[in-house]
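Letters A, B and C mark the chains as written, and numbering starts fresh at 1 in each.
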Amino acid sequence: MVAVMTRIGVAAAVAVAGLWAAGAQADTIRIATEGAYKPYNFKDAAGNLVGFEIDLAAELCTRMEAECEIVEQAWDGIIPSLIAKKYDAIMAGMSIKASREEVISFSRYYVNTPITFAVLSDSALVGTESAMEAITLGEVSAEEQAVIDAMKGVLNGLTVGVQTSTTHEAFMTEFMPEIDLKSYDTMDNMILDLEAGRIDAGYTSMTYLRPILEQGDDIAVIGPKMTGGPLGRGVAVGLRQEDTELRDRFNAAIDTMIADGTLSAMATEWFGTDISPTE
Amino acid sequence: MELSYLGWGDAGWGDEFARGALMTFAVATCAFLLSLVFGTIFAAFKLSSNLLLRAVADVYTTILRGIPELLVIYLIFFGGGQLLQTIALGLFGYDGYIDLPVFGVGTLCIGLSAGAYSTEVIRGAVLAIPRGQIEAARAIGMNQGQRFWRILVPQSARYALPGLGNVWQFALKDTSLISIVGLVEIMRTAALGSGSTKQPFTFFITAFLIFLVLAWLSQRVFLRAEAWANRGVRSA
Amino acid sequence: MDFELIAESLPRLAEGIDETLLLAGSSLVIGFVLAVPIALLNLSNNGTVRTLSSGYVYIFRSTPLLVQIFLIYYGSGQFRAELQAVGLWFLFRESWFCAILALTLNTAAYTSQIIRGGLQSVPWGQIEAARSIGMPGFMAFRRLIFPIAIRQALPAYGNEIILMVKSTSLASTITILEITAIAKKIISATYQPVEVFLIAGAIYLSLNFIVTRAIMLVEFWLTPHLRVDRRIPPVVRRTPAPVPAP
């Protein structure tokens, strides 16, 4: 009886594994991306996933001598699905952030991008003076706090848009809780609403804004460019906490790309400026 | 409105929409068939004399008709894998990812929701068959299988078809919700296109029209089927 | 199961109930007001009018609500200048307005069919009878047509209310903070979707349970004539046939 039960159990396990367990293919690293965050990852009109992170993933996999598969995943469920082992890594413009580090781990960062406010070119906010060009959050000095407070004064009574569950949203709720906030499922939808005039400003990354700024002249950027603190410590590969070996492999591959200048070249190609780490 | 965005090939989104429409149709068809399976099982439960089976069926229809389909999708997408993994780990010690393909889970979600409606349709259709017919079949010595296939199925199909037509429309429309978890069907194609071209109206009106055409075509199929099922019935 | 999380998120999710009910309630009320004329047009003898109203119903019943919501919300953004020119932009600017508009147009289409079915269920003989005793049109409507039609339509309308409560969850996709959107917000901080979505589901289920009960109560009030007498019937003693004396 026990033997029969065991055999049924094994057969079922094999069936389950055979049917569903793509995870059993040990050599393939499955990398999730969102496909709606230009120029990190997006879809061209032919329906292909393209972008900085798609190129970067291909290069990293070559250097790790691994087979890679890119999986498309909506931003909303991207962390739960990593934990559930739907894929093994996330490369979706995701910043290293304390609250995320409680549930997943990160590789070293591969780009670090400042965050700022985007407004319509015909908005009264254009030309807002800022005493500082750039601010590093985290330990905010009195001078930096003054700049943030000034910005808060400018935005008082207005509505700011962010993408939901992002570091940008975290910044707004931590530093400017008084400002009306609208959260969008994608940044593209936020920009659509900025152009439609439903929000007065969008708080998002310079790298996302750059191609939009280059394409047309209907959007402008105001205020200081911010990094650090709730905005995280740079964009990195998101991994499961227990997969330390995979993290080391990613780190080593990123290091070699920094060392021979390929990462810098790739960043410049996609972002128009080198936002890769120097070491 | 710029129609060149809807061209065929690499520059336009026409071929993406065509692929999306095929995906929508495929998910809706599988989900609809699945809903018939759920519907038949739970309708049988509801009609059974066993109190426990009736209670199970009532819980199923109450829950799936009472909570938004969007939540059903989120729950199964995020919770279903987790649940299966717990079971796999507990029973077989299997600690890998149980990959729930978007297509399969999407079909399951819509099939479950639509199944709650199918249950009521099928139950009503079975109840509409005059009891005397079953008794007559029994009297001439038909066994249970014969009674099911020769009396119950063809007759209830006639009563159920209009209701099932509604269930199909429901399944077809609900496929748009699967776009939220990333299945590239009509709605997701429209969302991606509108984001990348900044022409939301163009893309969503296209999606709207494709759904309209699909609904119209499938309605014609159901009307045909109804005419076929009623072929032996004299009408005024 | 993380019961601490459940206890923490329940009050936050409950804050979204107001928004959900407000969305469902306002669109149901406005939708009903719109549905009455649509149903009447649907029954009209004028072919053009009938085609128009049934075309409207057909279009809104055969397309997904999510597509309608996105079309109205993001689609209107593409015509901001035109809408501003005619002075309507201040409405379309609000995600609230767009959600209610989509939900209203949707429920109006369904409700009109429910009303039409109810009106058609009134037996023609009854209307003839009313006419023959000289009842004026409105009185016949108030005393006869309306009471019969509403009893017929009520169960279907109850289902429609439940569908609307469920449909409000789609408003979460256009930045409205109702129950589903709050659930997603909590998940974005805790990454524990199952617990949070389960409570959200339970809230919707309870709301719909209350709706179902309320409809049953109204049905009970409206159909006193169908009420089964639940009192135990008095025992009728059958006098046994007299036993013939031997």
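Quick notes on this one:
The rule is short, and it goes like this: contacts are C-beta pairs under 8 Å (C-beta built on N, C-alpha and C of every residue); 3 or more make two chains touch, one makes a residue touch a chain.
This structure is a prediction, so every number in the text was calculated from the model and none was measured.
The chain occupying the central position, as judged from C-alpha centroids, is B.
Among the remaining chains, C is positioned farthest from chain A, on the basis of C-alpha centroids. Here the chain pair with the top count of touching C-beta pairs is B-C. A straight line joining the Cα centres of chain A and chain C is 41 Å long. Centre-to-centre separation of chain A and chain B, using mean CA positions: 35 Å. Centroid to centroid, with C-alpha atoms defining each point, chain B and chain C lie 22 Å apart. Residues of chain C in contact with at least two other chains: 74, 76-78, 173, 193.
Listed for chain B are residues 78, 82, 180, 191, 194, 200, each touching two or more other chains.
Annotation for chain A: residues 76-77, 80, 189, 192, 195 touch two or more other chains. Those residues of chain B lying in contact with chain A across their complex are 9-13, 15-16, 19, 77-78, 81-82, 84-85, 88, 91-92, 94, 96-100, 180-182, 184, 191-192, 194-196, 198, 200. Those residues of chain C that touch chain A in the complex are listed here as 74, 76-78, 80, 89, 93, 95, 173, 175, 181, 184-185, 187-189, 191-193. Listed in rising order, the residues of chain A touching chain C in the complex are 76-77, 79-80, 83, 99, 103, 164-165, 169, 182-185, 189, 192-193, 195-198. Put simply, chain C touches chain B in their complex at residues 59, 61-68, 70-71, 74-79, 162, 166-170, 172-173, 180, 183, 193-194, 197-198, 200-201, 204-205, 208-209. On chain A, the positions that touch chain B within their shared complex are 9-10, 12-13, 16-17, 20-24, 35-36, 38, 42-47, 72-74, 76-77, 80-81, 84-86, 186, 188-189, 191-192, 195.
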